[in-house]
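Going by the order they are written in, the chains are A, B and C; count residues from 1 in each one.
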Amino acid sequence: MSEHHKENFITKYIFSMDHKMIAKQFLLTGMFMAVVGMLMSAIFRVQLANPGETSILYNLLPSTWLNDAGGLNPDKYLALVTMHGTILVFWVLTAGLSGTFANFLIPLQIGARDMASGFLNMLSYWFFFIATVVLLSSLFVESGPASGGWTIYPPLSALPQAIPGSGTGMTLWLISITLFVVGSLLGGLNYIVTILNLRTIGMTMQRLPLTVWALLITAILGVLSFPVLLSCGLLLVFDRSFGTSFYLSDIIINGEVLHNEGGSPILFEHLFWFLGHPEVYIILLPALGIVSEVISVNSRKPIFGYKAMVGALLLIAFLSFIVWGHHMFMTGMNPFLGSVFTFTTLLIAIPSAVKVFNYLATLWRGNIRFTPAMLFAIGTVSAFITGGLTGIILGDSALDINVHDTYFVVGHFHIVMGLSAIYGMFAGVYHWFPKMYGRMMNKNLGYIHFWGTFICAYGVFFPMHFLGLAGLPRRYYSNSAFPMFDGLSDINSLITFFALAGAIVQAIFLFNFFYSIFKGTKASQNPWKSNTLEWTTPVERIHGNWPGELPVVKRWAYDYSKPGAEEDFILQTEPLKDGEIEH
Amino acid sequence: MDIALRNMVKKQLLWISLAAISMFFASMLSAFIVEKADVGNWKEFILPNYFVFSTGVIILSSLVLFFIKPQLKKDKSIFSLVFTVLILGIIFSYLQIKGWQQLTNQGIYLTGVGSNISGSFLYILTLTHLLHLVGGLVGLCISAIKSKQNLYSINNYLGLELTAIYWHFLTVLWVILFAFLKFY
Amino acid sequence: MTNILIFIIVISVIATLVQIVRVSELLSEIKNKDVNEVTDKDNNTQGLLFLIVGFGFLIFVVWQMITWDHLLLPPASSVHGTQIDLLMKVSMGLIIVVFFITSPMLFYFAFKYRGKKSNNAYFLSHNNKLEVVWTVIPTIILTVLIIFGLKTWDNAMNVEVTESTKLIEVYAKQYNWTARYSGLDNKLGKANYKLVKGKNTLGVDMLDINSADDKMAREVHLVVNEPVLLKFRSQDVIHSAFLPHFRVQMNCVPGITTQFGFTPNKTTAQMKESEGEDFEYVLLCNKICGASHFNMQMKFIVETQEEYDIWIASQDNLEKKLLTQK
């Protein structure tokens, strides 16, 4: 491959095949969608605090979404919830997180000039981009966007008579998600092949940074689980548009008797969650990979138990394929099957516990340097502990009877999946920003951003557990219909307060990000004194990453504060000294 | 990247895609199995013979592919072989469509009031397989044109090899689908 | 007007931020320092913040547990629910203990090992003994939890259906619930969605001999300490019947009949005594089902046999309701 292509504006910034540029495209699109998704959550939080009342935030919505009094319509509340979930799960935490960092880090950290196929990589982004456009366009459809929850369970999602959003909005949702899956698959293929084949000399699998390990396992999960979403969606498309009965049976809707017989909505749930559960780890694992790297670099210590960390990743990935039934304990499944899923689900706690203890052991007797990235990395571990523990309640089928689909679940997954992953993403952005843009992000704004986010996020999501234990179901437009929930309005107001405050705090990050792209102080080549290969490239972005020969790797990525070394870090390209043992 | 590495990368890309496609069909097939076991009004019907013939045709086409490498080694033209496979592929597609025709004659429909999930599954499985096969046919067309122009040699036939792997995959996939539809 | 105002405010906030950042950068340039270099002072502040905010968070958690305790669901009003509550207490206690060990460790480590330029970290790449320990301990704890959990689950789901088990159907549609009592024969008549017409809102097959004495109601009355088996059907989309006070939940799926058996052991009157006059048992919908999902409810009443007998006698059976009254 030739090292320097001639580039014009279009091939450099738009139809770029350079992995670093594609990573930035993913990042910016993901950030844009994150803002959209967050605004949606701000709007429905306002509704939950002041049901039926009007709010200044509603100016952002089309007027058809509001009733005459200026309040939010119930079905549009569900639309907001659905789109918030879809955007955050798929657009921000799947594409925004793994799309950004897989593209950016894989070639740089394994010592490759680019991805195995730059063209497929570019295609992957553009599929994602079109998917984004289609999804956003569904917001402006007369009957509203998809409103049946991000899990789109039929029959609700199959019947426009059941909820208006299941009409055109749902069709666009399905088109959009199909494009999205195709994009993800193209990306995933590329990541796997790149990691397996294009590692530079000396970069054995045992020397791979944990980020790359996490991204590899994520990609494998994606390639094996996303096709299932496609087949699941295909059958739904046939049911919706062509009159088959895969998921539909014995239905009367608005007085109309449907002809469908024999299908099973539960089949949809099985297929959906066969993707859906690995998807959780597709979101989480890259964040854990990033955090491993950031914690190790900034503790100035090797990551504790490298092999156990890799093993835990592999075990979590494997188990994630056989636990999907825990989303369906209450579907009337065979109780024995429920027992099996409880067993496999609770097993995941073991590798997760190992990871947490290894992070703690890495911090122990470290020389911790609190960069904004490090703050977010510690935040991830905290969220992973807090949210992971409640998983032990939810994974236990007997306990799930009473907390299933309540706010307890909402609190749980927002902390363990939402916060952990988004903190991991922030850690990644702060850590690799100098490599991406050649400039530093402002440190003090980063500190303010972290503490604001950390406080507000726990203020939002921790109280939700109590709502759930009080029996409050999720996806309720208002809690005023049941006298038993009257006492919960204070908690709801508190959550909304923190949600809005948290949203405002994110503006600091956006400001810092865009300001630093143009005006940040210039970065040096290796600002964090890190070992991995990406910091041996020049500060200026060049196609092909290294100007001369590819670097040759002589040691693992985590030789920090090694006794006998002059500095507290040793680049991976540094040969072992006489008599020095690896690790 | 040198050529050997590039070839390996391309082959791996194909193999991993095949894994993804397999997951697609595996999930569809498991849906079929589960529904068949669960559904009360599952309608049994006789599988049209066309599908038996088409199974024979596609197996034959895969067998023909095995003669290509020896021919290449002897530096002989492989156009006729590739062309045969292409024709067999088209015959297979034709037989599938004839099979659907016979099904509708029997009153087995994909959708609508008279349809049953058993029939819907059969159509969907065969249809999605055929859609994947169209991709294979395009690959074979390109390979046929290139072999006509004698662009392949024993040292340089990656495109043809990839097409062949994909075609074998389609054959195996069809045999599995057929076995389930016929005997399960 | 408000929009313009908001716009102006946003612009001025951004402008102020730019100025602040510029000034701080210029100041450090004068001092010949890199503004983004993490100094020992930063490490001190941030480490201390982890200690303060981290422990603040833990205090916040304790505060929530104390302040909001009275809002949580009262103890279970059913036999199997009591066992679920016990399992919940054990699991909750366990995760709270683990939470209050690991979280403080994390925050304390962040504070304690905050960096100093002159310090060096301790090189430690792995320790097999330690790793085995913290793999084995969670494994043992989880094994206990799994066994306890599965027993409770088995107990809750595999209820024995005897002669005395009362059979009641709960029928869900957008957006209300209907109950059908099985009548004197304790057998529910067959039903089919195609028969839904006019007053026969549940599609009961009146040709079935068991249907005649069935009774339809818009609230459910149960006899205390008498086992009941609820059968669930749905007319349109998936709903979920959620009875939080009884620790009962089951999805209602169109085309499929699901069930949940339990024995209520506290009457509504008893609950009113302990929980206040406003207390009612309610059935909620707990699976997103459309615009009025949030307001899909039905009252459950648990009472003595005598009270129940009076109530059930006042209800018309289906034969009278559907066939004779035209």
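Here is the rule we use: contacts are C-beta pairs under 8 Å (C-beta built on N, C-alpha and C of every residue); 3 or more make two chains touch, one makes a residue touch a chain.
All values derive from a computational prediction rather than experimental measurement.
Asks: Measuring from the mean of all protein Cα atoms shown, which chain centre lies nearest?
Replies: A
Asks: May I ask which two chains are joined by the most contacting C-beta pairs?
Replies: Comparing chain pairs, contacts are most numerous for A-C.
Asks: Starting from the mean Cα coordinates of chain A and chain C, work out the distance between those two points in Å.
Replies: Going by mean C-alpha positions, chain A sits 24 Å from chain C.
Asks: Chain B to chain C: how many Å between their CA centres?
Replies: Taking the mean C-alpha position of each chain, the two centres sit 48 Å apart.
Asks: Roughly how far is chain A from chain B, going centre to centre by Cα mean, in whole Å?
Replies: 36
Asks: If I count partner chains per residue in chain A, which residues reach a count of at least 2?
Replies: In chain A, the residues touching two or more other chains are 261-264.
Asks: Can you list the chain C residues touching chain A in their complex?
Replies: Residues 2-3, 6, 14, 17-18, 21-22, 24-25, 34-38, 42-43, 46-47, 49-50, 53-54, 57, 60-61, 64, 68, 70-73, 83-84, 87-88, 91-92, 94-95, 98-99, 102-103, 105-107, 109-110, 113-116, 119-127, 130-131, 134-135, 138-139, 142, 145-146, 149-150, 152-154, 156-158, 173-174, 193-194, 196, 232, 235-238, 240, 242, 244-245, 247-251, 253-256, 258-259, 278-280, 282, 284-295, 297 of chain C touch chain A in their complex.
Asks: Under the touch definition given earlier, write down the residues of chain B that touch chain A in their complex.
Replies: That would be residues 1, 5, 8-9, 12-13, 16-17, 19-21, 23-25, 27-28, 31, 34-35, 38-42, 110-113, 115-117, 120-121, 124, 128 of chain B.
Asks: Which of the residues in chain A end up touching chain B in this complex?
Replies: Chain A residues touching chain B: 1, 116-117, 120, 185, 189-190, 192-193, 196-198, 223-228, 230-232, 234-235, 238, 242-246, 259, 261-264, 267, 270-271, 274.
Asks: Residues of chain A touching chain C in their complex?
Replies: The touching residues are 56, 59, 73-75, 78, 148-149, 153, 155-156, 159, 162-163, 248-253, 257, 261-266, 299-308, 330-332, 335, 338-339, 342-343, 346-347, 349-350, 353-354, 356-361, 363-371, 375, 378, 381-382, 385-386, 389-390, 392-393, 396-399, 401-402, 404-406, 440-445, 447, 451, 454-455, 458-459, 462-463, 466, 469-471, 473, 475-479, 481-484, 487-488, 491, 508, 511, 515, 519, 521, 527, 558, 560-563, 568, 583.
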